[in-house]
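One chain, chain A, appears in both complexes that follow, with chain B as partner in the first and chain C in the second.
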Partner chain A sequence: MPLNSLKPYNRIGMMLALILLGLLIVLPLLFILWTSVSKGSSIDLGAPLRNMLEHDLSQVLFNSIWLGLCVIAATTVLALPLAWMMAKTALRRHKWLDIVLLIPFMTPPYIGSMGWMLFMQKNGYMEQFFPASSAVTPAFFSFGGMVAIMSLHLFPFLYLLLRNSLLQIGGSLEEAAAVHGGGFLYRTRRIILPLLLSGYMMGALLIFVKTIAEFGTPATFGRKIGFYVMTSEIHRYISSWPLDFGKATSLASVLLAACLVMWYIQSVISSRYSYRLVGGKGSGARMLPLRGWRGLICWLYVGLLLLASIGIPYFSIISASLLKLRGEGLAWSNLTLSHYADLLAPGSESLRAILNSLGLAVVASTIAVVLGTWFALTVGRSSRPGQKLVDLFSLLPNTVPGIVIVVGLILFWNAKWMPIPLYNTYGMVVLTYVILFLPYTVQYVKSSFNQLDPVLLQAGHVFGGRRLYVLRRILLPLLLPGMLAGWMMTFTISNRELVGSLLILPPSMQTSATYIYAQFEQGAVSMGMAMAVVSVGVTTVMLVILNIFSSKQKVE
Partner chain B sequence: MGEIRIRRLEKAFGTVKALKPVDLTIRSGSFTTLLGPSGCGKTTLLRMLAGLEEPDQGEIYVNGECFFSKDKRTNRPVHKRHFGMVFQDFALWPHMTVFENVAFGLRAAKRKTGLREEVMHALKTVRLEGMEKRYPHQLSGGQQQRVAFARAIAIRPGLILFDEPLSALDAVLRDELRAELIHLVKQMGMTALYVTHDQTEAMSMSDEVVVMKEGEILQMGTPEQIYGTPAHSFVARFIGKSNWLEPDKRMLRPEHVRWSENSASDQQFTAIVKHASYMGDRYELELDIHQGSGSWIAYSPTRLAAGEYVQVYVSKEHIHEIQA
Partner chain C sequence: MKMAKKGIMLALTVWMGIGLAGCGAAGAGNTPNPGDQKAPAQTSQSNAAADQGQGQDKLLSGSVVVYSAGPEGLANKIKEGFEKKTGVKVEMFQGTTGKILARMEAEKSNPAVDVIVLASLPTMQALSSDGELLAYPEAENADKLIPEWSDAAKGYFSYSASALGIVYNTKLVQAPPASWSDLAKPEWKGLVNIPDPSLSGSALDFMSGYLSAAGEDGWKLFEQYKQNDVAMAGANQEALDPVITGAKSVVAAGVDYMAYKAKSQGEPVDIVYPKEGTVISPRPAGIVNTSKNVDNAKAFIDYLLSDEAQQLVAKAYLMPGRSDVEAKDRANYKDIETYKVDWQWMNEHTEEVAARFTQLFK
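This part shows the complex of A and B:
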């Protein structure tokens, strides 16, 4: 029997973790399914689908699926050439591009969409720069425009996946094919494409799930063009009159089922068809030099991509927040900082929203880190069934669309028989955030833990450390970077979180996200965009500080 | 089978000279090893021969045919050189069965007739019959290494290149496969170029050893020549153990340090035993030599205590002068 105390595992702790996860995450989700399939005393498994078909919701379902497929196609078109350039050409040396490409992915989708709308709308910035473009800008407010916005948000994800696969294949596996007589086309067909396929399939499925689960773009851009998908319809049925919880739960359960099926397929693919590509010596892979027209094309591509995914949305947001009078358009004389002054004026509604967001984010991320670390350590190296279950449950909020979780939480905590009066309180908001973003900490801490050699802990015991002492002096300090990363991620995301805030906030309360959403809806664009700049700015500054802090620590 | 001639081949990565102008001839049917510490340019030379790296200058001829020449602007692409290669990490394609891995080169050359027989023959040669339907991840390290070898010989290449093929294996397997590999290569009469940093591998397998350092060839010769008459003090130190009478100029090998006088011309040295290590078949002694500089290694059938004074004798013919 190996020293069991080395694994932070014990039966009681695991049971507690399972009970807590069951109460917080699993029960609310089951509650959605149960509500949508039960009619009085009988159970009808086909009810959600039938309910949708009967009530003309099939169009919504179709819209979601079509959107997902089109976004897969568009992200592939954007990401594949970039992945190839970053893996095979001298562009690979420019590592900063990888960091820059995270910006679109980290930009909240509703803010990105607002940027695009401001840019392309009638008398928007596009028309101010190029008056002739007014002939084509209306065409942007269409399904195609929506696909473009969502793809520009999601493509970095697919890009990273494809590039890493290409880099791994590019080493000796491709060279071996070349040496043994495979020409460029032959080895691309026989070696590179088959090996790339499983990675691509997984990436495409994840893009699909992320697209049909997304709320920010459908809620802003989609509503404007009248393109409704499942997430936006769920929101409509539970937040605006006439309320219809029946339809909302039907939609939510279909969405839930769809995402779970996708994740299942994805895990089957990854376990069956993915190969452990052990990258050989990276130096082996040759880089295509970028000279002449080749370099020009590559840099043009990267430049345009950065312009579309970062330049345009951020330009629109920042300039909108600085304009005195929107009607007068872009001019140096028309710039002012007064919106920021109003926004941060003491006692104002907006400042309260900012502080409220920060407060919620701090409380939620702190609780999430404590819980997440506990769950991650319970999972350990997930060797036992119970540990696997904790792993599965604690990562569920990552699998299930945020809006579905939120609907489940509302149904559960607002139920008539619920004895704990949490609903419509500050605590409910914190709880929602903690649940939504728990997977970040769990994943970060789990990966730090899995990188730890168990011998380090065994050494601690050999030199006389008791369990708690080893935990405090060895395990926690080594996990700290993971915990910190989890905290930062939770803080950043919950500071901008829109879905939970829109649906869960008690009536009198606002966060920066709901403030931006409301101001934009009501036409107070400048104030809304000033808030967007502040909210994205604060979190970016925090991320940068953390980066500097952690790199300094490494040097010491 | 081909003779390889390399003329004034050189390569720089940025400002680093990976290979200074090098001349080398590899006899047809010989087993030649490039030996040297990491960063000596041996892998670069191998990869340039394979066509995986483009030389900055120089020429490569195979059987009189020009494969690369900077001046003539000739550069035969990798897949048309018809070489076999065994990679350090094996580089087996994980999505293909053993059969398909081995058949790759034949299929790429559009061979249809006798394809199955060729592949099975190659698999039989490496004693992997019955494994053709497996995938690489279902094989042990030694078996993977054999598949990589079978793949390289299946196309009956003009030259087979080995890039440290045994370094990913554990010690016992390495010894076993080393013997098997050299046996197979000799049996098939192939020309082989082998890259390693392990002197035992180089000495035990090769017809010719090429010792390299910092992008230069220091010496080329049979293993016996390399060991017995090193042309450079680095070669003397890198291969085997060396005792120096005069630093970098006059040396002898430890087995030539004797405990008794054979002839009157023998040189005599007084030494203090610093340390004795038992090696099983003998004792390896570290001696502090009075007349010489630094310490020597000598072998003794009996244990000698540290601090003991001893007399040792060296014959003139065993002292090797380094000319450089």
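This part shows the complex of A and C:
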């Protein structure tokens, strides 16, 4: 009997996966690298480095990395206690929290930052309520404030990964330790933390990459406090006159290198601390009841977190969407619903944009989940070089700023020799979203898969199950939560994707994100904010329906 | 799946549309036919008519791809007006001047665009001197355009313009500053925004225009601004928004049409043009020389310069590009004191000015 019964899947899929990934992701990126080192007919490999030194960009690179590390630290502080509460205590029964906690992540980052700025700025909403607060608010416009905004936006990501890992650890291991006299701290240190590390490292890597590739917050808040990062510089070279794709791409390749180093560290640590947690035995989860002061502390924590991550930004966003005149400030007489009426008027441009976004997100996330699950299974435990390569390739889109990938895609798909006329069509947008967000599904499914004990699949084979049967009856049901998480994440992000859409949408086509951006550019801030509220609302409703549906399935 | 199917259909439609436009162009002439008011959905039929008609009468069909730098409301109205008048479908991409150029650069090997409408004249001049524009000497009404803003060789046409001024919050500012140098005074410390010239073509026009008139000494003003904590804040709207909400009091080098628009909605803002003069930033349109729908593109330029479109321009609080059309709700060309700017110098020094200015204010 083969020791690793997954081998057959891998062999079949590996080559195909590599070819597909190469075509979809690697080639367009190589196009970018090519532009960064080629000058006319000659090739200059030192160009990226020289560009960095010549333009004194080392400070900017340092800013990016420092910001990434600080945001990892802050998201950990926010997400870890929450994940523990939602996995191990009676709080777990409150499923609605999971959806609510996704809201910060659904919010386009630049909208979230705008919300914070409107709240904290001079004569902002905070000062309109508490005039005395003007002594404190200027302190918010600092590096610390930027880390806070970005962490409050990104923490749900880490939270979902950590909670899933914690749930899979199950109660039996901990109980065993408790029976043998291990105290709470001992159990945490010797059992929970090591088991959690693999999932955490993956989450931390994604947070790091997301942070340094983020454009919305640096473009709004960062610019205001004079904190410049790599993405804002890349964006400057790529979208303002004089354009310099060469410089932009060389910065992008430095950014890519920084992310690859992080990826390497992550993969070393993960492979050292990877355990098989989901075996055949039932693992009754222990739930800590929440009574008295314990319950109070937990609910207080959740309450404060929701207030900071959703309450404050959404107070600003919703207020701004209701104001008749933004110069008049908050007053009952200054509120109106007319922006929403205009927005949802039948046949209006804005309604079309909303429907466009939803359609694109559904198609893109479905394709992304199918491809991503396949790639994740191919990667498996990434023991062989080929698997490592698939892992790396499928993670690539997350390590390069979206705008760079998109330029690569345009260069590739709009090339003269390209026989498939995909550019400037609906299909191109779907393709872009799939490529940009593939890493999420791959990460989620991989993380579920890594915790499966191969014994389960071997058992399936021993009892005569064919490959497809084992896949359908054992593997897929166990992977389903990971796939679902991947789908929801992809759906959520594609629904608000901005940077890529701005460049890749065919003329005359808008999504809700580009609509919002256009409103801000045109000065119709209230319309933009109203659109943000509507599109986040629609996404939330979709997710709630999906959640109800999936939990019903589990019962059956 | 339904969406995917729709996507393929869409792709096919666009593709066929382009193909048909190519056929139709052979027999069609330059001027739009005012009698042809067919809806865009019927273009394929009008196409067939064009092929049979042997081009006796000038009949346009198919589509034209336009990349347009705002304002969005105006761009949409022009699109509607043009479609109604000619029956030609407009595929429009809207973005800032920078985004349009980025898209053109990315599409370089296989350009899709026919007409570009930018918000910055030096940028268009650069494209023109690189030979990327198609001259259209027969453009209707081109002789009525204000000559120093447009190309003598008829490569580009400044169909509209905005002036740069001092925009202020009327609730916070009782005595508005009258001159550029006022903003360097201590009473304005920390209260002033200025747009980022690398993001706002008009702001860049102001800075390079001011420097072309004032010479190297002009930098002193900006250095004083920096010492007075003037904040460089994104593109035009990002600079204006904090003034509307009261976080800042004044925008230096603010684009006037945005201020007029906000004012007309009732927001507490107003604008003054400094007495010593300012810069007017023309907004040019031109046909790219890789255009596949040249006749439609030419018709689009004709429409931009027509009475109808010029009135739309005026209604969007922009200055009409034609000297014989006046705007009612804003200051006109002849009412605004301007510096003697040197567009040639500006064209040559744009890059340097933007780099030095952003370096200074970082």
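Heads up, the rule we're going with is that the second predicted complex is superposed on the first by the 283 of 556 C-alpha atoms of A that agree within 3 Å, B and C clash if a C-alpha of one lies under 4 Å from a C-alpha of the other, contacts with A are read in each partner's own complex, and residues count from 1 in each chain.
We adopt the following convention: contacts are C-beta pairs under 8 Å (C-beta built on N, C-alpha and C of every residue); 3 or more make two chains touch, one makes a residue touch a chain.
Quick caveat, the model's predicted, so the values are computed rather than measured.
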Worksheet item: First (chain B), second (chain C), both or neither: which does A:Leu205 touch?
Response: neither
Discussion item. Taking the superposition on A as described, I'd like to know which of chain B and chain C A:Arg190 touches: first, second, both or neither.
Written reply: first
Worksheet item: Of the two partner chains, chain B (first) and chain C (second), which one does A:Ala176 touch, if any: first, second, both, or neither?
Response: first
Practice prompt. Give one of first, second, both or neither to describe whether A:Ala513 is in contact with chain B, with chain C, with both, or with none.
Written response: neither
Practice prompt. Could you figure out whether chain B or chain C reaches more residues of chain A?
Written response: C
Discussion item. For A:Leu82 in the superposed arrangement: first (chain B), second (chain C), both or neither?
Written reply: neither
Item to complete: State the interface residues of chain C toward chain A in the complex, per the touch definition above.
Response: 3-4, 6-8, 10-11, 14-15, 65-67, 70-73, 76, 90-99, 101-103, 105-107, 109-110, 112, 120, 123, 169, 171, 196, 198-199, 201, 204, 231, 233-235, 237-238, 240-242, 244-248, 258, 261-262, 265-269, 350-351, 354, 362
Practice prompt. Over in the complex, which chain B residues touch chain A? Could you list them?
Written response: 47, 50-53, 77-85, 87-89, 91-95, 104-105, 107-109, 137, 151-152, 155, 161
Discussion item. Touching residues of chain A toward chain C in the complex: what are they?
Written reply: 118, 121-124, 219-220, 223-224, 226, 228, 236, 238-243, 245, 324-329, 349, 359-360, 362-363, 407, 410-411, 414-416, 421-427, 430, 502-503, 505-508, 518, 520-523, 525
Worksheet entry | chain A residues touching chain B - in the complex, by the definition given at the top | 171-173, 175-183, 186-187, 190-191, 194-195, 275-278, 280-281, 284, 286
